[in-house]
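Chains here go by letter, A, B, C and D, matching the order in which they are written, and residues are numbered from 1 within each.
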Amino acid sequence: MNPLLSVQDLHVDAPGEGRSILRGVHLTLDAGETVGVLGTSGSGKTTLALALLNLLPPALRARGRVEFEGHDLRTLNHAALCAVRGRRCAMVFQEPLTALNPRQRVGAQVAEVATAHGEHDAARAMRSAIDLLGRTGLTDPGERAQRFPHQLSGGERQRVLLAMALLLDPALLIADEPTSALDVTVQAQVLQLLREQQRARGMALLLVSHDLGVLATTCRRLLVLHGGRIVEDAPTPQLLAAPVHPHARALVDTVRPAERRA
Amino acid sequence: MAGHTWRRLLADRTARAAAGVLGAAALAAVLAPWIAGYDPTAQPDPVALRLAAPSWQHPFGTDPFSRDVCSRVLHGARISLGVAAGAMLLSVTLGTTLGALAAVLGGWVDGVVSALVDVLIAMPRLLVVIALVATFGALSPWWLVVLIGGSGWLTTARIVRAEVRDHQQREYVTAARALGASRWRIVWRHLLPAVAPQVAVAAALALAAVIPLEAALSFVGLGIQPPLPSWGNILLDGSDYLTTAWWLVVFPMAAITLTVGSALVLADRLRVAIAGEGRPS
Amino acid sequence: MTALLDIRDLVVDYGAGNAHPAAVDGVSLTIARGETLALVGESGSGKTSVGRAILRLVEPAAGTMRFDGTDISTLAGDALRRFRRRAQVVFQDPKASLDPRMRVGDIVREGIAIHRLASHAKGDLRVTHLLEEVGLSAADVGRFPHEFSGGERQRIAIARALAVEPEFLVLDEAVSALDVLVRRQVLELLARLQAARGLTYLFIAHDLAAVERIATRVAVMHAGRIVETAETATLFSAPASPEAQALLAAIPKIPW
Amino acid sequence: MTRRIVVRLLQAAAVLAVVATAVFVLLQFAPGDPFAAALDGTNVPPSVRMEWRARYGFDLPPAERFVRWIGALAHGELGYAASRHRPVADVVADAVPRTLLLVGVALALGFAAGILVGLVQARHHRRWPDRLLGALTLGGVAMPEFLLGLLAMTWLGARWRLFPVAGIASLGDTATWPAWERALDLLWHLALPAVVLAVGVAARVARHQRAALLGVLGEDYIRTARAKGLGEWRVLWHHALPNAIGPVLALLGLALPSLIGGAVLIERIFGWPGMGLTLFDALLARDYPLVLAAVLLATVVAVVARALTDVVAESVAPRRARIP
């Protein structure tokens, strides 16, 4: 069986600054699989997440293959790419406040995913949006849907973003630091929600984070991104127990409790 | 100059070109008596040389009084750019001082300055200046500088006040306060250098606003009075001959549009350089 | 053990308006000389306001604050400036807290210049020593903050704070923005400096996991009040307040 | 919001008081009065001069004249325009609607075109449409309006006779024309001055709109919209424009004073009988009541419009959360 997502030799350069951010990334992901990408700041992890859906800022240049459900997303025409984005492959971003349009009610922002992908009945789109907002743990979703982003709490905003991504039941969810901007207790709740939804829908999850704890409790397989390359790719228990690459070892060491240190 | 906003600007080819045009215009204005081939007011032959088309002897042609248009445009630059530069300096100095004082002192000073700006900025500047000039009759270029400059400080004051207040909230200023720095040390060492690029933007925009203002005033006969040439009154002289002697209007028009355009481009590129602040150059 | 800092019933109230840190509603705490007190709470708990009130960067509305026996809540003018030699601060984001238009040498020297601690030549030497003490080099004085990495910038901010030879440092989320590996290095540096200079720290953080290794005691804040204060080991093994329990439960449990 | 409106109204009243006082005081320094030319000849006996000046109050001390003028103003009386041989209120009642028509049409055209150009430029950022329109809008801002007006009048009007060169209506007995013909005639006369003014407005609006859109296009929520699978125009129209229109509408208020200044010159060039032309005539004739009324009314228009746009811009300003 072909993998759901297969990235081959992905490079991203910033020609203006004369540097490379990704230098040949290879990764594959099967349907329903949960994979975590661990990287420190500057490792290129956000760039990787954006490059998969061709969402890089114009100053960056990508080359390589990003094959998703049999199409190379890098060479797909714009209309076909738009049909994949949000429907087959969705994304959740780090900063829930800035990732939501400040001038649009959040219910409309969720419903827009459906109307953009061929749902002509606006009322039905809104109903399904409110229904999903309720299932992501928003209390009184009908009322919350009428609010603007700044009238919600950080955790509620991240639930809205998640609902937006899940509305059309995508095969793959890419989540870039989805909990880093949240308070630690809210972070725990949102992670729990993410795990539940992944299991219930059986979708694949690519979770990008700097936090080994977040990844290790959510993903079955971990990749370590360092200097624009994947330096380690192993099932989570194996990576925790015996990291091979020195950088991976250093990262694991920072969270290893004292009694488990060699 | 410390601070890499300026370095980014210097590295910007478009900004250098715009600055070059302005510099060349300024140089031409300063050197006009030496590089102009003719006395701008001399009327060598009002019959034979009347409205002569551009030629090697008169690259911009001559006007109805046989005066050399090229020499008039060069000498006009002295007056037009001189008034513009003076008015710009006056308005930017006033605006920066008042805006910074309002932001730093706060309280009633801020209240008075802000109210003054809010009130005065709603008045049509050209109308006010026209009314004033018309009241006092023809004015010397110095009075024009005072009038135009004195009515133009509002935008600069707004920008500087907003910028200073913004920077006062930033953590590096809090850190300086925590070190025990006095208010004026913070103003001098941190806030003024921080807003300097914005002041430069305001200065470029002021220049771009003031050159057409002088031209408009002179064009309606309320600015620089003949026989002293300015870009505005050369246009006024030429406006009757538009279809017969295009050179009377085209050259001063090009001079105005080029200098104003360059000032605008410079302001744009400065904004780009400011937006890149804090990133490696 | 003598208390270096003793705060009673501190209230910080910003009134109307919105671009402010959260309010403080009656906080009492003491910090002994040479210890590290961690102040932990979620966003909006008022922990940052406590730090800023101690440094007199915001005006307390009520309460007393005694530093080494003297009342610091009403200091003004020269007395306030002299106090600021003794208590310094390192902020969370060194990109924001370092003036981007100043060279590193001038940034570190600013405190020396304000308090006239050294002649010009001696000041140079002192700046060099400070930079080396925090792990940078003498050659860095002529560079600008943006030429450094996040961890290096935070070292510059620490050198700036140390330049006036303070006894007390407020570390306001000073390592929160740093990568895990860099964070560990900066924490080690802070521990080394504390031992060498006998410093006292108020370590403000939003996350319990971050303070386990550095804090002597931990105070947990919630909605402008301190809900629990305990020795670090005690708090981690037996948290008493629901807020501390929630913070502890939120730390991801890695399946080793 | 209500408080803001009240503050704006108070400010507007303050501007008017300041302008009224300032203009009046300044004109006291001006040499001569409306009767200087007509009455100061040697043939007019001093008693006649005194009588005429007394009739219009020019013999009173300035302070009293000021009080009388303000008092009359409160009753809607603006005095007598000696140069027009009509009450000021009548002159103004004719002129103000014409200026409002000119400025209003120019604003509407200019904003519509400017916003559209800004959208196209942002859509094709750094490609040829952006560069071409960028050069054009730069020229549009750099070229003073009166020059553009002069060129348009000379070539499109005088030389090619596509449009009338002056006035508001064709010569002849237009009053007998059917209404639609008169309206067309008015539009035909309006076209050149309005388009010339609109070009300057459109250029400024386009530059602001482009900058605002490019700023917004870098925001995270635009990335979110693209990640949803929206097309580029939909992203621009539904997500970027609503967040980028605020600064452009604020520009409306800020640009209005200078637009009225520009309209004064354009009216003079095209002989459009609005407040600008009236002002120039009044200045030349030293007709003080008319000058005062002209400046005052121009300011009223600018102040009121600015207050309105301020409130509008406020209501469409991006909503942001409190900073924690």
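Quick note on the criterion: a residue touches a chain if its C-beta (ideal position, glycine included) is under 8 Å from a C-beta of that chain, and two chains touch if they have at least 3 such contacts.
All of these numbers come straight from a predicted model, not from anything done at the bench.
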Winner on C-beta contact pairs when B-D is weighed against A-D: B-D
Chain whose mean Cα position lies farthest from chain C: D
Centrality ranking, top chain (CA atoms only): B
Distance between the centres, which are taken as Cα means, of chain D and chain A, whole angstrom: 52
Whole-Å separation of chain centres (CA-atom averages), chain B against chain D: 23
Chain centre separation in whole Å, for chain C relative to chain B (CA means): 48
Multi-chain contact sites of chain D, meaning residues that touch two or more partners: 322
Junction residues of chain B - those touching two or more other chains: 280
Chain A, residues touching no fewer than two other chains: none
Residues of chain D touching chain B in the complex: 11-12, 14-15, 18-19, 23, 26-27, 29-31, 138-139, 141-144, 146-147, 150-151, 154-155, 158-159, 211, 254, 257-258, 260-262, 264-265, 268, 279-280, 283, 291, 295, 298-299, 302-303, 306
Of all residues in chain B, those that touch chain D in their complex: 115, 118-128, 130-132, 134-137, 208, 212, 215-216, 219-220, 235, 239, 242-243, 249, 253, 256-258, 260-261, 264-265, 271
Sites on chain C touched by chain B in the complex: 19, 55, 57, 80-81, 84-85, 88-89, 91, 93, 95-103, 110-111, 114-115, 144, 146-147, 157, 160, 164
Chain C to chain A touching residues, read off their complex: 42-43, 150, 179-184, 206-209, 246-247, 249-256
Residue ranges of chain A touching chain D (in the complex, touch as defined): 50, 53, 55, 57-58, 78-79, 82-87, 90-91, 93, 95, 97-104, 112-113, 116-117, 148-150, 161, 164
